[in-house]
Amino acid sequence: MLSVNNIEVIYDHVILVLKGTSLEVPDGSIVALLGANGAGKTTTLKAISNLLHAERGEVTKGSIEFDGTQVHDLSPNELVKRGCIQVMEGRHVFEHLTVEENLLTGTYTRKESRSAIAEELEKTYTYFPRLKERKSSQAGYTSGGEQQMLVIGRALMSKPKMILLDEPSMGLAPQLVEEIFEIVKDLNQHEGVSFLLAEQNTNIALRYANYGYVLENGRVVMDGKASELRENEDVKEFYLGVGGEGRKNFRDVKNYRRRKRWL
Amino acid sequence: MSAENNTGDVLLSVDHISLAFGGVKALTDINFEIRKKEIFAIIGPNGAGKTSMLNVINGFYHPQDGEIHFKGLHRKQMRPHEAAVQGIARTFQNVALFKGMSTLNNIMAGRNLKMKANLFWQALYYGPARKEEMENRKFVEDIIDFLEIQAIRRTPVGKLPYGLQKRVELGRALAMEPELLLLDEPMAGMNIEEKQDMCRFILDINEQYGTTIVLIEHDMGVVMDLSERLIVLDYGRKIAEGNPDEIRGNQAVIDAYLGVAHTN
Amino acid sequence: MEFLTAIFIQPFFDMVDDPVLFLQVIWEGFVTGILYSLIAFGFVLIFKASGVFNFAQGIMVVFAALTLVGLHENGVPAFIALPITIVVMYALAFSVERLVLRSLVNQPDIILFMATIGLTFFLIGFGEFIFGGEPKMMITEELLLPYDSITFFDDMLILQEIDIAASVIAVIALIILALFLGKTKIGIALRAVADDHQAALSVGVSLNTIWVVVWFISGIIALITGIMWGAKSDVSFALSIIAFKALPVLILGGFTSVPGAIVGGLIIGIGEKIGEFYWGHLVGGSIEGWLAYMIALVFLFFRPQGLFGEKIIERV
Amino acid sequence: MFYREAGQFKSSYVADQELFPVKQDRLGIFLIIGFSFIVIPLIANDYWLQAILIPFLIFSLAALGLNLLTGYAGQLSLGTGGFMAVGAYSCYKLVTVFPETNVILLILLSGFISAGVGLIFGIPSLRIKGFYLAVATLAAQFFFEWLFGRVKWFYNYNDSGAIEVQVRKVFDIAVTGPVATTQARYMVVLCIVTVLALIAVNIVRGRIGRAWMAIRDMDIAAELIGIRPLTTKLIAFAISSYYAGVAGALYVFTYLGSAEVEVFDINISFEILFMIIIGGLGSISGAFFGAAFIVLIPILITNLPLILGIPINTATVEHFNFMILGALIVLFLIFEPHGLAKIWSILREKLRVWPFPY
Amino acid sequence: MKNKIFLTLIASVISCLWLSQGVMAAKGIYIPLFTYRTGPFAGSGIPNANGMSDYLNMLNERDGGIGGVPLIVEECETGYNTKKGVECYEKVKPNNPVVINPYSTGITLQLIPKSPVDKIPVHSMAYGLSAAADGSVFPWVFNYPSTYWNQASAIIKYIGYQEGGMSNLKGKKIGFIFLESGYGREPIPLFEELSAELGYELFTIPVAFKESQNQSSHWLKVRKEKPDWMIMWGWGVMNPTAIKEATRIKFNMEKFVGVWWSGGEDDARPAGKAAKGYKSSNFHGIGTNYPAIQDILKYIVDKGKSQVKDRSRVGENFYMRGVFNSVLVAEAIRTAQGKYGNRVITSAEMRWGMENLNLTSARLAEIGLPGFANPIKVTCDDHANNGPIYIQQWNGTSWERVSGWINSMDRVRPMLEKAAADYKAKNSVPDRTIPCS
């Protein structure tokens, strides 16, 4: 469904962020994109959804294909119409709109009757019952978890085939993280939505994903089935924090580091 | 309980604090004490009022009821910069660095309160102004060394990756030489390795400088390992208080927050 | 003492003494206020949709009026010139979006603000280049706008028919706009864009379409304002100075509120006329230029987001 | 190749905190200063000095002031023209009240009156932010335009309604008034601008500068690390108004020679805002770049057809002037929103690694 | 790449500007015209500029210049902006201009102190600083044919005549509405003095430039005061707005008199038929019924050498004012050539020519403008000529002359001298050293 081939992204004409990244998201799957901060996860997602332009970044090499078409010439609006939507990092809700109005913005690209949209709204509320409770309050005043649900729900309103989900777990309580990932799984199973998931929380991401890519320094350094990655020693050590003898207490982490990370 | 716990005297105590925004209750009748040199954690679901609590402590919000006692002084209201003068520093949930400034300048800004040279000398950049600039620069360089961010000294922080920004923010708070350091989700969005680094910094700060630390964090591994005592908030109320082991087993906490008994 | 009387007693005495004249002052203030509101409308609309503080609104008023009059001067009948002007305003909206806004997505507010000042310069030069710098007469009669006056109380209260027409048209425009913003899909999308460009982009809102739409609507409003104000004096680039009078209206009403623009316009309009008429002479008169700003500033001190502005959500 | 800092190591914080840590920069700045002080007065004619360089320097100074306020402290102001007027009129009053005092001293003093006024109009900044504040500063602009036109005391009851500059001598050389040579006036302006620019650089790299930037970037966080928002903003308003005031005094005393309050109208405020945005917000050199751009471009456009011998009437040229200036502003913002100073620094960055990209 | 573009741009700007010096080296009498065809006052500035340059160009076309010497006429656009005026002045200065016509009070004020230093005469025709009428203080500045004070006194006289004699002014109420600036405020002292003497009541209404198009409250005040007469010192967009507002409050337009800068066709026309009856003062003829104007049409306009858009606009009031300005310049050059010979004269010689200008009725007829203006005789002391004015009235489509020449009051000259003395004292102007012949 989505394939990214060897792309290079440069910001501001000078800062090279992605250096030949390739990945693929098959139809109906959840793919996780793992990596440290600054590895280029968000940039990859934005390159796909064509939001880079607004940040003075551009794809200088390689190609991205969604559903058989080159993404490069499509506006974000066109992409959403075709079923590829991004949920941005940091829960960008429309603060001054109500929850329901927020959801309705998701239907912007759809040319359907009011009743069809009302139906869609109901369906979204079944996935996110919490949103229904708060539907007429201003989105700016809802909690972090509700905002995260709101942005996913908003994306859902556009009837996407694929959602690019950026850091859904950031700053959320463990219970909520589980809840959100459960919803992701549900949507994947019942609605057939594919997910490309950029996530710091390797542990939970690999639990829900089918496949994973590990990104470091703008390059894919490792990829494989989620179950395989979970067993991989390096991943265990650097991303899951379970070394050879099980989980280390954070108090006991040694005062030196095995590997110098780039700064 | 305080009798058997020997961490030290009470540094800050929160007395029946209630806070509301236009009718919506954010905090209801909160009480707790923080002792000198301990690492104290506040946990709870999103929207439980954790950040509001920090905002009350450092004077950004003014509670309708209750009082805060800090270093023996008690107060109902104060301006944030007064809190800073008294030695309270903090970091933010969404990094609140000065994006247009370099790492060095961000941390130097933290020294603001320690610098006194008047406008005249600053305009000339000579005499006392130059001298204090150098002294504080040295102090800041120590922090930079400590946090291992030498390589980004001159980089505008807006261009740094998130994890490093968090570290710079910690550096800025440290530059204030605080007695009480409030950390709001310092590990959010970090991978294990970065979290390990951050934990090490927090522990070192606590040990080396004897700084009292209040921590808000969602990673239960981190919270349980680092904190000596913690309280749990839910819907603006305190539902539990105790050491990590007590909290782990507390049914109310499990229901409201942890979901299942926590294993990583 | 005498001075205090002049400030605190005499003006009110004057008002009661000649109530018809007082009514006339209020009416003039009301009419001026309506025109301020119309300009502020255009601002608010663009600000809401694109976060752009459109300094060029004042010049758009002149540009629209000048195009209309200029076409007429070159032999185009008024009722053909009008639709052509509307097309020109659409072309303007379209080119602004294509050439300016599109390239400036996500830039800081001040950059967009500056861009509109650049646009102002361009339009001044362009407009004068095409139509010449000479002041022109508004073609009130040709557009079938009434130009007589109605008098009451033995000629003591004089209402101009064109002022009445301006008020009616402004009210209709307000109602249409309010419905448009609150109820339609584009209206909601428009407010979404105002909140967060990037997020709006990410849900598939086409910024480009939205911007063309709002700039076009603002252009139409500018045209209405231009006709009405042009009828009061003449049409030349000096007219753009009145845009400065819309700014205090904006701070008073809040940058994002359509009702705010109306109420703010009326407060400023009536306030400055009463102020000038009953108090102005105490300091030598002609204080309208800054009085409006002072009124706005006083209000602002108590409500930093304006009377109707959305509350600023501040979080840390 | 030639622009490398390799090999220039700093062994102390003192050296590292130097104004221009890179040797080539240091050299460059000395060259520029030397050129302006020695070469220009020797070779430039009246037209260059009076019509281009003096206004360029004066506008640079005003832009510098506004950049301290808007670029560094983040407080948008459209009242620059008003503050310049305060400087100019107070200078006029001072000069007539103290006719024997050194006029340069009085020009510098008049800035303080402007600073005081700036302080008062800065008070709303405590509660008002962004464009709301910008509109509030317009109140200052319009109020002063009205005041100086209305109250005759400010212009000494002159029939013309204008303030007129008398001849004043410093070391027996006339520096103001009609008999002052353009060279003398240029040198006065240059000295004042150089000293004030140096002071601006010092202020922004010290504690106050950091406090300003902190307030600009994130006012809440700044407050929480102990920066007092009101004090900091007010200092910014005062210092910025000081610069504007001195610029205003110079504008009348060394450039126009006689002025009605209309010369300080709203357009001048906008011009100066243009300068700092085109030059680069939050950059000292940006103020100079921006002033050069805004002063030079219209003059160039006006003179270009004349030089090329294209017969075109002056009105059309002026129309094109507006169009081109407007288009250039928009283009610049699209091209490089961070202004000429940013282009300059990218250029330097490239020079540093030249001939290898990245 | 973009850096290169930028550097090239800067380099080309500097080199071009450097080159621009000394372009003007052609042989001829260099007459720069400061004009404003753009900006808020373009409405008045355009016809003025057209009249000025058309007449001079006509002399070139028809006679090959003055005294056989071609005129180099060059416009410099000021936009009525003082700063641009400085640039214009510095630009024309090296080309040895014989006279500067600043056409803006702000620019004039700024050039007055410079003129004796640079030795370039300034001619501010019926504007600028009234005190410049005193040639002993301002040897280099000329403002003939008249000053604002002369005019103001003449308008009061006219009103007196209309009321049936100056003594009837007693108890009358006269309103003065003016543009808030040095220009607008200037006649107030005179009106006040006359008010004390003649017993009429005066009230003043300033209009800030920004409020030019927003005058409803000002005119409501007029309504409240119920004056017998209104006098206006307006400029630019203020004029049509004021006239319109006056019609809206149903003010008797017969009793509304404007300054000579409020008498443009474009000022009265927008108010439509209602403006009928509005009056303004003037000091020269209008219309195309003069041989000289026919020559302009023939040699310039019809050959497409004029910037006039529409042939019918030749002969309008402000166009004719421009023509008159150029006539005065041309005649001063002739006067100078009469003494120094038919060659390119210097600015100092031009100054002499201006000071000794004697434009008689016969001479006016000779140059194709019979009865166009009152004769002008400039003297060493009197640079303003204290010329008379006449009153014209708007008939709905054009101006009609409705009075004879009205001389100003004698009391004006001492006031001018006092003002000049005041200026001299305040600005420590040195005594005149230039001999008077």
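We call the chains A, B, C, D and E, going by the order they appear; numbering starts again at 1 in every chain.
The rule is simple: contacts are C-beta pairs under 8 Å (C-beta built on N, C-alpha and C of every residue); 3 or more make two chains touch, one makes a residue touch a chain.
None of the values given here were measured: they were computed from a predicted structure.
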item: Topological distance between subunit C and subunit E, in contact steps; value: 1
item: Chain located farthest away, centre of subunit D as origin (C-alpha); value: A
item: Chain whose average C-alpha position is farthest from subunit B's own; value: E
item: Subunit A-subunit E separation of Cα centroids, rounded to whole Å; value: 72
item: Gap in Å, rounded to a whole number, between the CA centres of subunit D and subunit C; value: 32
item: Chain centre separation (subunit B, subunit D; CA means) in Å; value: 41
item: Subunit A and subunit D: spacing of chain centres that average the CA atoms, whole Å; value: 47
item: Residues of subunit C whose C-beta touches two or more other chains; value: 128, 133, 244, 284, 286, 289, 316
item: Where subunit E touches two or more other chains, by residue; value: 37-38, 46, 180, 206, 208-210
item: Residues of subunit A engaged with two or more neighbouring chains; value: 141
item: Touching residues (chain side subunit D, partner subunit B) in the complex; value: 13-14, 17, 199, 202-203, 205-208, 210-211, 213-214, 216-218, 220-229, 235, 282
item: Complex contact set, residues of subunit D against subunit C; value: 70, 76, 124, 127-132, 135-136, 138-139, 142-143, 145-146, 150, 220-221, 266, 270, 273-274, 277, 281, 315-316, 318-330, 333-334, 337
item: List of subunit C residues in touch with subunit D within their complex; value: 53, 99-100, 103-104, 107-111, 113-115, 117-126, 128-129, 133, 244, 247-248, 250-251, 255, 283-284, 286-287, 289-290, 293-294, 296-297, 300-301, 304-306, 314, 316
item: Of subunit E, residues touching subunit C in the complex; value: 37-43, 45-46, 180, 204-214, 216-218, 220-221, 223-224, 236-237, 240-241, 244, 248-250, 266, 269-270, 272, 309
item: Touching residues on subunit E, where the partner in the complex is subunit D; value: 2-3, 6, 10, 13, 16-17, 19-21, 23, 35, 37-38, 46, 75-77, 79, 82-83, 86-87, 90-91, 93-94, 105-106, 109-110, 112-114, 116-117, 129-131, 180-183, 185-186, 189, 206, 208-210, 307, 419, 422-423, 426-428
